[in-house]
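Both complexes shown next keep chain A, but they swap its partner, so chain B is in the first and chain C is in the second.
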Partner chain A sequence: MRGLVELYVQQFKTSLASMLQYRAALVIWLIGHVLDPLIYLVVWSAVSRSRGGSVGAYGTAEFAAYFIVLMLVNHATYTWIMYEYEYRVRHGTLSFALLRPVHPIHSDIADNISSKVVTLPLILAAAAVLALVFRPVFHPVPWAVAAFAPALLLAFVLRFLMEWMLALAAFWTTRVSAINQAYFIAMLFLSGQMAPLALLPRPLQLIADALPFRWTTSFPVELLLGRVDFPLALAGIGVQIAWLLLFLVLLRLVWRAGVRVYSAVGA
Partner chain B sequence: MASPPAIRIRDLRKTYKVAERAPGVRAALKSLVRRTVQEVPAVDGISFDLAPGEIVGFLGPNGAGKTTTLKMLSGLLYPTSGEVTVLGRIPSMREKEFLRQITLVMGQRNQLVWDIPAADSFELNRVIYRIPSKDYHQTLDELVALLDLEPLLRKPVRNLSLGERMKCEVAAALLHKPRMVFLDEPTIGLDVTMQRRIRAFIAEYNRRYGATVLLTSHYMADVEALCRRVVVIHHGRLLFDGELSALLERFTAHKTIIVRLEDCQTDLRAYGEVLSCEDGVATLRVPKTRTARVTERLLADLQVIDLTVEDPPIEEVIDLVFSQEGL
Partner chain C sequence: MRYLRLLWTFFRVGAMGELAYRANFFVQLLESLLELGTAIAGLAVIFTYTENLGGWKPDEVLALLGVFFLVGGAIRFMIQPSMEQLIESVRDGTLDFTFAKPESAQVLVSMQRVDIWKLIDVGLGIGVLAVALGRLGAHVSTAQALTFAATLLAGGVIAYSFWMILATSAFWFVRVENILMIFQSMYEAGRWPVSIYPGWLRVALTFIVPVAFAVTVPAEALAGKLTWRTLIGAWAFAAGLFILAHLFWRAGTRRYSGASA
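For the complex of A and B:
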């Protein structure tokens, strides 16, 4: 365990050093991450104004609060591993990872966290600017705000495991972009990135509840905005834990099978 | 020689399945429906052992199956059939204890993180291999001294020259003091001085730590300098396993005689094949069995100032070995 902690610390430092080499890339990254929620925010603000100030339970100021918090939560939980794995498999850099006496997921987690630390001030600054422009209104509920922290942590781990597992598709096919595309569309609709899930038609809401996407992003946002009652909050954390355990088991199985395929074909 | 072998390979095979199709649109469409899969044997039943502490050269032309074998030995590839044990373990199980004791250096690939100084990558390896701090600093100091790394440690890896980078790669791969070292073309693309440097280092590492080394190289100088024993494979099969000198003995039918003469006008064709004749120095190629007799005759018949008998260059021999199919 101590060894693992040391590994995280060292990997963290390494990733940090690597990342700070490319300051321009950081800015480009930031623009991408702010633009998405900004576009939806502008669209939904317009829709709400045209409807006399609100859509469902969301007024213009509530939309602003929703998309600004969503941006922050999304920043905390997103990964880029699905883009990276194909390269690793195809160029054989995965071989080096396989030669090491440590599971490669650890360096990916540490790498992800260090990137989040570097970009946190940028995303917070962006959130502050958006708040000045769009004037969000919050209705916080103290216990729900307290529950936000564990829910966010669970969301991060859940999304990481899920996307790391999906990234392993690269072991079986060299055309992972189709899988990635399908995944991101599902994510867009069912995790609340395009619109608050409460505004979706009932059948879509049920699907969103049954699948893992909501629990990786939307759920912590809903908590912080005080839009979840206590029983649902508890159930939500239970669902997060259940998905997380399921993905942990799946990940083990898929990883083993994937390495077997990789080792059969060679790189 | 009571100790168990460091590497034990018995009837090792690896067959790749390769999808094949003829060129052209029609063939492409046909392959959508029905895929023809060709089985390509990359390694086709080889057996050999390495004793602990040995340095062995693993030779063969491109595509002979060297890298495939090294990957099976380091646990990156599952064998199709046959047995492999390395340090008493089955590599493909990839046990942590096994991985901590081996290393694989690939001359054409790099493991160092591109954007940061090598020293940071070394630190990362320290925690990955759980090297105790004291051991780490001692080994690092030794590697820095042996490879003259001091001026390189603080520069981002991407700013290093190929040779400098290779030195750092080798150091990174050996920080955990592996008992088993696989080197796949460690000197490829390096200039002669750097090649010599890496070579001397490998010899020193082997001497100092008693590590077993299996090395592939296209530079015969590497093999000559480091390996008494060579294993030669071709088309996935074992062609030769023994001392380098025995390989030369077995596969060279000729020797080269170089004579310096008082009078270079003499026609030497009666003595053997004349390879060159310039400035009073003639180079003759003669069948090995006749070397003694020809030398005798040259000395008796002509005004010889100097005469030397040489084996042909090792490259030539290896070339000869590879060109002889089905030995």
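For the complex of A and C:
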């Protein structure tokens, strides 16, 4: 355990240093991540205006609150590991990671967290600007705000495991872009990226409940906005834990099978 | 005429290179269809709640989506690959060879690489456009068709000049791939009518990253929403930006010293 802590401390140091080297890339990343929720916020605001101010349980100010919180939750849970793995496998750089005495997932976790620490002030500034422009309204519920913290943490771990496992598809095929695209489409609709799930057709909502996607983003968002009642919040955290355990087991199996197929090309 | 022949040659070279990997056609087709399907599903969700998005009817927004695919496909077909190649060759010095050729170097770098599979997006865009126009029942008059062609051409010139300016900044900053990525994410905003965006963003999408001219204005022409002022403005802007891009290219090439030579 102490070894692991020391490992993370070192890994944080090196990844922070390398993140700060690529500041321009971080800003570009930021533009992309602000633009997506901003576009959908603008679209839904226009829809709500055309209906005299509200769509279902969402008024224009509630849409603003939803998409700004969504942006922040996405920032916390986002990974870019799928692009990374394709490169690692194709170029054989994974071989070096395999030689190390610890599981490669640890350095990825440290990388992910340190890049987010570096970009946190930027995304908070972006959220503040959006809040000034779009005037969101929040109806906070104390217990829900408290429950948000564990829900967000679980969402982060869950999304990380899910996307790390998806990234391992690179072991079997070099055409991962189509797989990634299918995943992003599922995320777009089923995790509340394009619209609050309550506004989707009923069948899609049921599918979203049954699959892991919404538990990685829209659930913590709705929790913080006070749109989830107490029993549902408890059930939600339970579902998050269940998915998390399932992904842990699956990840072990897929990783072992994947490393066996991997034959370092070009290393 | 000579340029058209050059273009045809580059197209043939690109096609020959890619036809060796025919499976890529199906991968690209699948990805394009998925993207189109996603966009249409998104529209379907939004239009269950309203019939009017910033003054645009559902089928008009569908037509806009068609133009978005058409123009985006055209950009990714030739402008983007060529500009990426230009940035690359400024960095590694292979631009030397382009200057050695007996043809305008700006013309050569602008069409030096084509990605033929992106024509799929162009085709899908035209298809969506046709369906949308059919549903609108719009009897597209000759005048409307002509203004559509004119604004589309202006939009193409604007998109080309804008990319050219971004790519020529490689002469000064060398590593500029990231700037291109900004344009790609901003282009996504063009799939919606620019009239829904708040004023400051609309200005940015019109003049800073000219998505509005490339997508919204041609779609306006088809939907019969175009005013003379916009048409003239689009052409004036296209002409101005084209000249600016040429000036950037001239200043950049004068600075270029050939890293490999």
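Some notes on this structure:
In this text, the second predicted complex is superposed on the first by the 262 of 267 C-alpha atoms of A that agree within 3 Å, B and C clash if a C-alpha of one lies under 4 Å from a C-alpha of the other, contacts with A are read in each partner's own complex, and residues count from 1 in each chain.
Criterion: a contact is a pair of C-beta atoms (placed from the backbone, for glycine too) under 8 Å apart; a residue touches a chain by one contact, two chains touch by 3 or more.
Computed from a prediction, not measured in an experiment: that's the story for all the values here.
Look at A:L132: by the touch rule set out above, it reaches neither chain B nor chain C. When both complexes are overlaid on chain A, the residue A:Q181 reaches chain C alone and has no touch with chain B.
Legend: residue contacts after superposition of the two complexes on their common chain; A:V47 is shown touching chain C, with no touch to chain B. Applying the stated contact rule after C-alpha superposition, one finds that A:L99 touches chain B and leaves chain C untouched. In the superposition on chain A, contact of A:L199 is made with chain C only, not with chain B. When both complexes are overlaid on chain A, the residue A:A24 reaches chain C alone and has no touch with chain B.
The part of chain B that touches chain A in the complex is made up of residues 16, 68, 71, 74-78, 92, 94, 96-97, 99-100, 102-104, 109, 111, 113-116, 120-121, 123-124, 126-130, 156.
Residue ranges on chain C touching chain A, taken from their complex, read 27, 30-31, 34-35, 38, 41-42, 45-46, 48-54, 178-179, 181-182, 185-186, 188-189, 192, 196-198, 201.
Interface residues of chain A, counted against chain B in their complex, comprise 3, 6-7, 9-11, 13-14, 17-18, 21-22, 92-93, 95-96, 98-102, 259-260, 263-267. If you check the complex, the residues on chain A that touch chain C are 24-25, 28, 31-32, 35-36, 38-39, 42-47, 50-51, 55, 133, 175, 177-178, 181-182, 185, 188-189, 194-195, 199-201.
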